[in-house]
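In the two assemblies presented below, chain A is common to both, partnered first by chain B and then by chain C.
For the complex of A and B:
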């Protein structure tokens, strides 16, 4: 096989790679330098690097009424609870749909799909009334319950697809070896399902981490999440770009860290085979 | 056997929970139930049951007022919290105001508020824009303030023109649903140094104003492209406000936008752009762009209110000033409001009125308007030293007499957000004539 010359590698691989990376990373770079620019640099002549670096915007995020720390804490509680509840329910539901035959199975699965077709605004007032009457309004549970209504159906379909591809012989072998259904599910299916759960979990976490509409309606100053806190920085008279970009940077950090770890599991999951032979 | 019993228990418990949830959901729009919601996070007000259940009896002493507001900046947010604290500590009726901040959300504040109130939220008072009034009045969500205003001595401290605008928004002659709070009255910002360079004085008539726009369009380096444009024209979102001044300047009106006078005003607006007296980006320029263009020295004049005066002074010092939009055959400027309302579902209307009246004419009025730079509605506060010595506020106060609002109809929100920017963009770019554009605007507003 003919070895590629250095020149062709540069032009065919490295330069396009650098161009794509620039395209992808530039918005993050721009967001970051906007967050560390001194206030007087924000308007006027466009420069691609700050005249001096200031972390004043980050300080203000945590010391003013924005109270970004509380917002991060609330977002994390809501996203973690939503992920835990949705993953548990979806895994069990997906397993039932894939392994059992029962009356109304098809109708239920279709209903799960239809659930996502309702526009959010239609659900807003009834959900608000439900949360208020149940006493969940202005607590993280109002968001957890709302988010699970649209994360569970999607997650069930996602997990169902993965489970259907898993050969029955895996469980059958476990059952022959003396496992009952519960044990076979926990000891055999769950470990194989790991990568799928990671992918689904990331989807659920991201959805609830970034959601605004329900968060705006169902929270108050004490339970406000990140998207609502950030939206408060967009007023009628303009946008607090310094605070908004600083908040944006802090918001993507947990997501990036999560992806960093999730990526390993995802790749493992993609390359791991179920049964040989 | 034991397992079966456990299974049954789980099934029964799950069914019971689902049933309860459904019942709770079907509880409907029971706005009179004060429990749940915000009350959970607030100390229970010390109101006797008799007082709370009898609407005719004043429920002021010890009442809690739930107040939903938006703040445009973190500084305004802090200021509002300071005002609330001040009121809670100084009012003699033991009223506690609980402030709940919500994002302005590009105007979505009103929509979120509507959903909350329809869903039975315990909100007594909210900050307000007049344009939201028809939606809430048509759904019987706002309290008529007339009984309170009839006995309130602060009415005369507020200009009659402002009360007329508040009443008009509700669409009923015999009811006032909106309480004035503060104003943003549009005037013309200009750069004295550029006026000097062009050799002109501050215009006093509409014709002189048009001439000033032309004169202050300056090509300093002679390359054929102006280095300074006379007017920072706003063709994008919010452009209906300065545009309205041009239409009225020729004697036109919003009621008949197809009259010869209205069309002539529209033609002036188009000519400013097509003759090259406004930046090339004008058809899509909104608030940020006109302010940035003015800050960078690209434009000599632009139209906005005191909300941007702090930034102007920071950039230019004394080299920025203001004048009211000059009079022509007619005269009009946009008088945007931020007001307050009390909801019909409130069980503490008297206490709520004490709070909104404190914001309208009391110390709350002074603190808020001095802190934000907005124009006070209270004549007493306007006469204070702080406002008398500010050239921008003076231009606003001088404009108060001819300030007005775009007709508030069911069609207005869509007209402002979509119809106007699209139509004006086409007109500025020469895709439709002034006459055609005005017909479109007239039909869309009064359809």
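For the complex of A and C:
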């Protein structure tokens, strides 16, 4: 690699990078400063720096007619349950795919691959009836079941990729020592699988936390999640952009924290499959 | 470690397979059945099999054709610009500079932001009276009066496309960056010796080496963007005058107004279009395994 001149580095690297980053980050900056502005600041001349900082919008979000706290609680319940269920189901399937040869394995893996090809709007309509029949409608379980299904393919892919790279010799040694498979799995594999499970769990949690279309169909006032609450607020509050942006900031903070926590492993897992090809 | 005839692996995959059957395959079959019925929940007593009548009805519906062409524009321009800017961002991030890890992580945030929030943020920025985009364009002298971007027919579709481009840049950048890091550096060194310039190296070495990643990422994004409802629905609900109503949004609106037969029929059409797009993707992944 030859040394680039400072000038070409500025024009070919730093300036375009700053331009793209500005485009990516400006909406967040704008949303945040809108949420901490005094309400009367918003409906007037546009300024790029708040005249004073106030957290009144955040207070109102929890104390006025909008029950934003309930939405946060519902989202948390759905996302936590989905993470537990999907992680369990995906780990079992990933383990089977990595450690066993069996008839129909390839067909099943293809089925997993095609899982997310179907339009959400196609599934949504019959699922509404199915959830009602099961008695899941307007309960968190309708969303837990749906989100589990949609997160299985990528979760299995992440876990499978990790297990494939794990040397078999550890387990074999344990099996020779008289452990049964279940014991070998719990004692040998689970501890090293930890970081991979955390990253997969973050992916599942984020997906459930962010989803709107199904949440809108399958919940009611008592069980609605944050995206639905946020979307409804636009209708209810109209021009109260201070409240809307405050709700938005509260929504995105948890996923951002989790994402930074897990991003390295998540990115490695995500790109591994597509890049190898 | 290879056991051929054991019931164990089937037990392990059973929970995953059962949920997929219940949540994906049964609804797909149901939707196919529904598309052959007049199924309007506002007129429950008239639910009956009517053969291909729904399919004939949608071909005569100008809103359907309009939303179909709009879907092509939404996917074509949306994914196209995501790809271009994602590629540029990946090339930039492939240089080494201080703070690269942080920049990479930060530039991924749109990818983890809920669609509803994306719609909400852009809707506020596009606001015709107090929106920051109008203010910026006025200050730069590009506009002399404010434009209500989302409430006039000519500007609404390009405006929502910009929001989906914003959302999709990180995913492309991420995938392409990973692929770039796998291109062996001796290929560039050989090209340097032959006196190739930067553009030649980009088109004759970089692009051919990562074309599979580009292909897979494009397909994943096409499916995702074609199916996306939340951003448009939050920003415009498909309006004004249906000018941002893609097929997915149209189906969503029809389902909300309980016209399930027609909604299912259009959803089947959308699914068929996506299957046509996915076939090359499956072919590639099978070729990889063989």
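Everything that follows uses one rule, which is that the second predicted complex is superposed on the first by the 220 of 277 C-alpha atoms of A that agree within 3 Å, B and C clash if a C-alpha of one lies under 4 Å from a C-alpha of the other, contacts with A are read in each partner's own complex, and residues count from 1 in each chain.
Note that in this section contacts are C-beta pairs under 8 Å (C-beta built on N, C-alpha and C of every residue); 3 or more make two chains touch, one makes a residue touch a chain.
Remember, predicted model here, so these are calculated numbers, not experimental data.
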Touched partner set for A:159, first chain B, second chain C, both or neither: neither
Contacts of A:206 with chain B and chain C, given as first, second, both or neither: second
Which superposed partner A:119 touches (first chain B, second chain C, both, neither): second
Partner chain in contact with A:132 - chain B first, chain C second, else both or neither: first
Chain B versus chain C as contact partner of A:221, first or second or both or neither: first
Touched partner set for A:234, first chain B, second chain C, both or neither: both
Partner chain(s) touched by A:246 [first = chain B, second = chain C, both, neither]: neither
Partner chain(s) touched by A:174 [first = chain B, second = chain C, both, neither]: neither
Partner chain(s) touched by A:36 [first = chain B, second = chain C, both, neither]: neither
Contact breadth on chain A, by residue count: chain C or chain B: C
Overlap of chain C and chain B interfaces on chain A (superposed complexes): 43-44, 124-127, 129-130, 217, 231, 234
Contact set on chain A toward chain C in their complex: 13-14, 16-17, 20-21, 23-25, 27-28, 30-31, 34, 42-44, 46, 88-90, 92-93, 95-97, 99-102, 105-106, 108, 110-127, 129-130, 145-146, 148-150, 152, 156, 168, 171-172, 181, 206, 209-213, 217, 226-227, 230-231, 234, 241, 244-245, 248, 251-252, 255-256, 259-260, 263, 267, 270-272, 274-277
Interface residues, chain A side, partner chain B - complex: 43-45, 60, 64-66, 124-130, 132-135, 137-139, 216-217, 220-222, 228, 231-240, 243
Footprint of chain A on chain C - complex, ascending: 1-4, 6, 8-10, 12-13, 15-17, 19-20, 22-24, 26-28, 30-31, 34, 85, 88-89, 92-93, 95, 97, 103, 105-110, 112-118, 120-125, 127, 129-132, 134-135, 166, 169-170, 174-175, 177-179, 182, 212-213, 216-217, 223, 226-227, 229-230, 233-234, 248, 251-252, 255, 260, 263-264, 267-268, 270-271, 274-275, 278, 282, 284-285, 288-289
Chain A-touching residues of chain B, taken from the complex the two chains share: 21, 24-25, 27-30, 33, 35-38, 40-41, 70-78, 81, 99-106, 112, 115-116, 118-121, 287-288, 291-292, 295-296, 307-308
